[in-house]
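For reference, chains read A, B, C, D, E and F in written order, and residue numbers begin at 1 within each chain.
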Amino acid sequence: MTTALYPGSFDPVTNGHLDIATRAAAIFDRLTVAVFDAPAKNLLFTTKERMDMATEALKGLPNVNVTSFTGLTVDFAREIGASVLVRGLRVMSDFEMELQMAMVNRQLAPGIEVVCLMSSLQYSFLSSSLIKEIAKLGGSIDNMVPEHVARALRQKFPPNSDPDFIPRHLGG
Amino acid sequence: MTTALYPGSFDPVTNGHLDIATRAAAIFDRLTVAVFDAPAKNLLFTTKERMDMATEALKGLPNVNVTSFTGLTVDFAREIGASVLVRGLRVMSDFEMELQMAMVNRQLAPGIEVVCLMSSLQYSFLSSSLIKEIAKLGGSIDNMVPEHVARALRQKFPPNSDPDFIPRHLGG
Amino acid sequence: MTTALYPGSFDPVTNGHLDIATRAAAIFDRLTVAVFDAPAKNLLFTTKERMDMATEALKGLPNVNVTSFTGLTVDFAREIGASVLVRGLRVMSDFEMELQMAMVNRQLAPGIEVVCLMSSLQYSFLSSSLIKEIAKLGGSIDNMVPEHVARALRQKFPPNSDPDFIPRHLGG
Amino acid sequence: MTTALYPGSFDPVTNGHLDIATRAAAIFDRLTVAVFDAPAKNLLFTTKERMDMATEALKGLPNVNVTSFTGLTVDFAREIGASVLVRGLRVMSDFEMELQMAMVNRQLAPGIEVVCLMSSLQYSFLSSSLIKEIAKLGGSIDNMVPEHVARALRQKFPPNSDPDFIPRHLGG
Amino acid sequence: MTTALYPGSFDPVTNGHLDIATRAAAIFDRLTVAVFDAPAKNLLFTTKERMDMATEALKGLPNVNVTSFTGLTVDFAREIGASVLVRGLRVMSDFEMELQMAMVNRQLAPGIEVVCLMSSLQYSFLSSSLIKEIAKLGGSIDNMVPEHVARALRQKFPPNSDPDFIPRHLGG
Amino acid sequence: MTTALYPGSFDPVTNGHLDIATRAAAIFDRLTVAVFDAPAKNLLFTTKERMDMATEALKGLPNVNVTSFTGLTVDFAREIGASVLVRGLRVMSDFEMELQMAMVNRQLAPGIEVVCLMSSLQYSFLSSSLIKEIAKLGGSIDNMVPEHVARALRQKFPPNSDPDFIPRHLGG
C-alpha cells in the first residue's frame, strides 16, 4: 500500500490543487493533504482556515485526509509512513523549483520519491497568489476556486477596498 | 480602428519601455500608456512623477497618450475601448509571466487580445529595477533611460549614499 | 597574468561556492573572492562573519584571497586589476540572471569578461538560502557546507526554534 | 491601414493556426496567410494542397487571404506591403526560436515588426508534426484540425498502415 | 492495484532508464517496460535486441516485465490495464516535451495519468543518443550503461572505426 | 600557463565565433581553435575550407592557432595540453546542451574545465545554420560573417537557386 503526501501552503486551496489531489488519489492508495502550519505574516488565512477550506473541498474523496504539519516535509512524510511526495507541475519555473526540491529532499530522505503530476490545462495558469491578486483587484474568481473559497476571499477583500500592493500580472 | 493599451508601473520609464511603445504606436491606430496608480511603499516615484516622466518621454508620438489607472487592467481596457493589451518580451521568465497573464486575462475578458512585441537587443537586458540598482550603486545609466529620467534618478540617489539593500546582479 | 574576481553575498559560503572557487583558482593566476558589504537586514551573518567563514574555507588555495567590497562589482574589479568576473551556473533561472548581469556589466565596463563555470552535479541544487531554510527547519546540512559553517548555522537556529517563515521548497 | 503577414508551412493547417489567424484578423486591417512553397521531400502535402486546406478553413474571415511564397519572409512582406509579421507562441522553445527569428528579421528588414499572439490553451500543445504523428499511429485528430483536414490526413494514413518512424511523443 | 507503463525506444537501455524503472517499481504495484517496435532505420539495435537488453537489466525487479508494442502508447496502456504512464524528467526541454505529450495523451485517453519521476543527479545528463555518440567516438561508457549493454555497444563500434557523423556535444 | 581549446564544426566560422575566440584569447595564455574533421554529408564546407576560413579570420590574434581533430574533444584537449574547453553561450537551449556536455566531459576527463563565455548581444542570434539558411534564401549576411566567408557562401548559393529545404525561421 502506497501512501502519498501532498504538502503546501494552500492559502487558499485552488481548483488547480484539487485537480492534482484528485489525480493523486486515483493512483495511490492513500493521500494526505498537509497544510504547512506557519504564523504567517505573509499568509492571508490562518492554518485552521486553510485546513477547513481544503477539507470541505476534498470531502468527496474517501482515501484523502487533510492535516497540518511543521518542520521538514520529508520528516513529516516519514512520520505518517508516506513514501511518495506529490507535486503539481504547471510552468517552467515550477519545474526548476521542483527539481531542486526533489534533489535536496532525496539527500535528506533517500527512500521518499517525488512524483510530479500535471494539472489540467484550464488550471495551469492558476496559483493562490494570482487568485488573491484578482480578488484584491475586484475580478471574478468563480472558476478558479470552489464556491466556499470564493466566499471567503470576497469577505477578505470587500468591493472598493484600495489595493495596497503593486499587482504583478493583472494591474500595472 | 484598433486602440491598444500598454500598462505598467513605469517606476521609472526606461528606454526599453519607450522602444516597445514606439513599436506599438507604429502598428496600432491609438496607444494608451497607463501607469498603475498604487500607494507604493515599494515604488521609488509617485504616480504623478511616473506619469510625468512617461509623458515627457513619449511627447513625440502623436497617437500616444499617457494616463493612470487602478483595478484590473482588462477592466480599464474595456473602459477606454482598447481591444489590445501590449506587452514587451525580453527574457524567458518574462515569457512565462506573460503567458500566465494572457491566459488569466483571457478568462476575465475574452475579447481583449494580448500582443507581445520584442524590444531591441540593446534594451533586452534593461528593467526598471535593474536601473534603480545601478543608480543606487553609483553606476552610469545614461544609455538606459531618457536624460530627464536619469536626472530624476540621480536626485533620488546622490553619490556616496549607502546602499541599504543587497544588490542581486551588479554588486554581491 | 589574469586576475579573476568571484563576487557574492556568501551568506554563508556553501560547498557549491567552494567548488566554483576551486575550479576558478585552477585556471586563473589569481582569484579574489569578494563579499558584498551590506548592512543587511535580510542577511543572516555580518560582513565580517561571512568573510571569516569564506577565508577559513578557502585557506588551502594559495592563489586565492578573500576581501569585501561595496559599490558596483565592475568598479571593484577595475580597482583590483581583475579582468575576469567568475560566476557559477546552476539552473536555468541562474542562466538568465547571469546573462542579464553579463550584458549590463559589459555596458558598464567593456574590458571585463564574465566567465561562467559549472558546479559539480552534487552541488547543483545548493544555494545559501535553501541551506538556511533546511537549517531553520532542523534538517541536516552536513554535506552542503564546511563543518565550521554548519556549526555557525546550528548556533543561529537551535533545535525546536519556531520557524517564522513559510518554507518555499522543503516545508509547505 | 495595417497589413499583417502570417507565414508558415501549414502542413497541414491546424486548429491552433486557425486560432492565431482569427485573433490576428480581429486586430489588424488585413491578414495574408502565406504558405511557403517548397519541393518538400519532408512535407506531407503539396503546396497546392496546403493552400487549399488553409483557404477552405479560413473562408469565413473576410479580411484574410491565403497565398504562397518563396524566398525570405521579410522580402515577401515588403512585396505585399505588410508591416507586421504574425507569430503564434505556444511553448518555451517556440519563444526562443521566435526571438531569434525576430532579431534576424529585424536586421534584414528594420521596418517590419514581429507580433506574437498566444493561442488558446486548448490548442497550446498542437503542432502539425504532432498531429501527423497521431494520425500515423491511428489516433483520433478530430478536435485538432478542421474536418476537411482530418479527412485528408486519414487518406494519407489508412488504418493498419505500418509506421515507418520512431514516434517521439506518443509511441515509444 | 495500480499498473504503470514505462514506454520508450530504449536504444539501448541506460542506467538512467534503470533508475527511473526502479523508482517506479517501488511505488506502483506492477510496472511494464514497453519497447516501441519500429523498423528503425534510425535505430542502432533491433526490437528484439532492445527488449533483451532491458530484460536482462531489469531481471532483479520481481514486479517488472518487459514487452514491446506498436501504435499509440495510450492504446497499449488501455490494452494492458495500465492507468499510469511513467516518464523520467531530466532537463528543461524534456519537461516541455513531456508536458506536450501529457496534454495530448490526456485528450486521447482521459483516464490515464502521466506521472513524472526525477532521475538521480548522476544520470541526469545521460541519454541513449549521447551514449551512442560517446561509444562511436571511442570514449568510455562504463558508468552509463550496464556491462552487457556496454559490450553490445563496443561490438557495434569497434576501436578506430571512422565516425560518419558530426558529434553534437563531445566532438566538434 | 593556461591553454584553452575552442572546438566546433565552424561550417562556416561566424562573427559570433570570432567574438568568443577574441574574448577567450584575451583571458587565456594560448587558444587553439579546433575544427572537427568529419566526412560531412551534412556539412557545406570541407574540413580544409573550414580551417582556412577560420585561420584567415583569426590571423590577427597572435596567441591563437587553428587546427583540426577527430575523436572525443576531451581526448584532443589532453593531447595538446589544454586544461580549459571554451564554449559560447547564446540562448537557453544552448545552455542546456552545454550543461549536459560539461557534465559528461567532466566524467570522461575530470581535469578539464568547461568555461562559458557570452557573445556580444549583436551576435547572440547568429548560428552557422541560420546564416546558411539566409544565404540560401538570398538574404544579406554582410554583418554576420567576415567578408571572405560571405564570398564563399555566395559562391555556394548563387542568386535564383531554388531552395531544396523548408526554412525554419526565415521562410515559412
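Operating definition for what follows: a contact is a pair of C-beta atoms (placed from the backbone, for glycine too) under 8 Å apart; a residue touches a chain by one contact, two chains touch by 3 or more.
Bear in mind the structure is a predicted one, so any value in this text is a computation, not a measurement.
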item: Joint neighbours of chain E and chain B, given as chain labels; value: A, C, D, F
item: Equivalent of B-C within the choices A-C, B-D or B-F, defined by over half of its residue contact pairs recurring; value: A-C
item: Reference chain B; chain at largest CA-centroid distance; value: E
item: Self-contact between copies chain D and chain E, residue sets same or different by half; value: different
item: Rounded Å distance, chain A centre to chain B centre (Cα mean); value: 32
item: Chain A, residues touching no fewer than two other chains; value: 92-93, 96, 99, 103, 121, 124-125
item: Chains touching one another, given as label pairs in label order; value: A-B, A-C, A-D, A-E, B-C, B-D, B-F, C-E, C-F, D-E, D-F, E-F
item: Of all residues in chain D, those that touch chain B in their complex; value: 2, 23, 26-28, 83-84, 89, 92, 95-96, 99, 102-103, 106, 113-118, 120-121
item: Chain E contact footprint on chain D (complex, rising order); value: 91-93, 124-126, 130, 134, 137-140, 143, 162-172
item: Residue ranges of chain B touching chain A (in the complex, touch as defined); value: 7-10, 34-36, 38-43, 69-75, 92-93, 96-97, 99-101, 103-105, 107-108
item: List of chain C residues in touch with chain E within their complex; value: 92, 121-122, 124-125
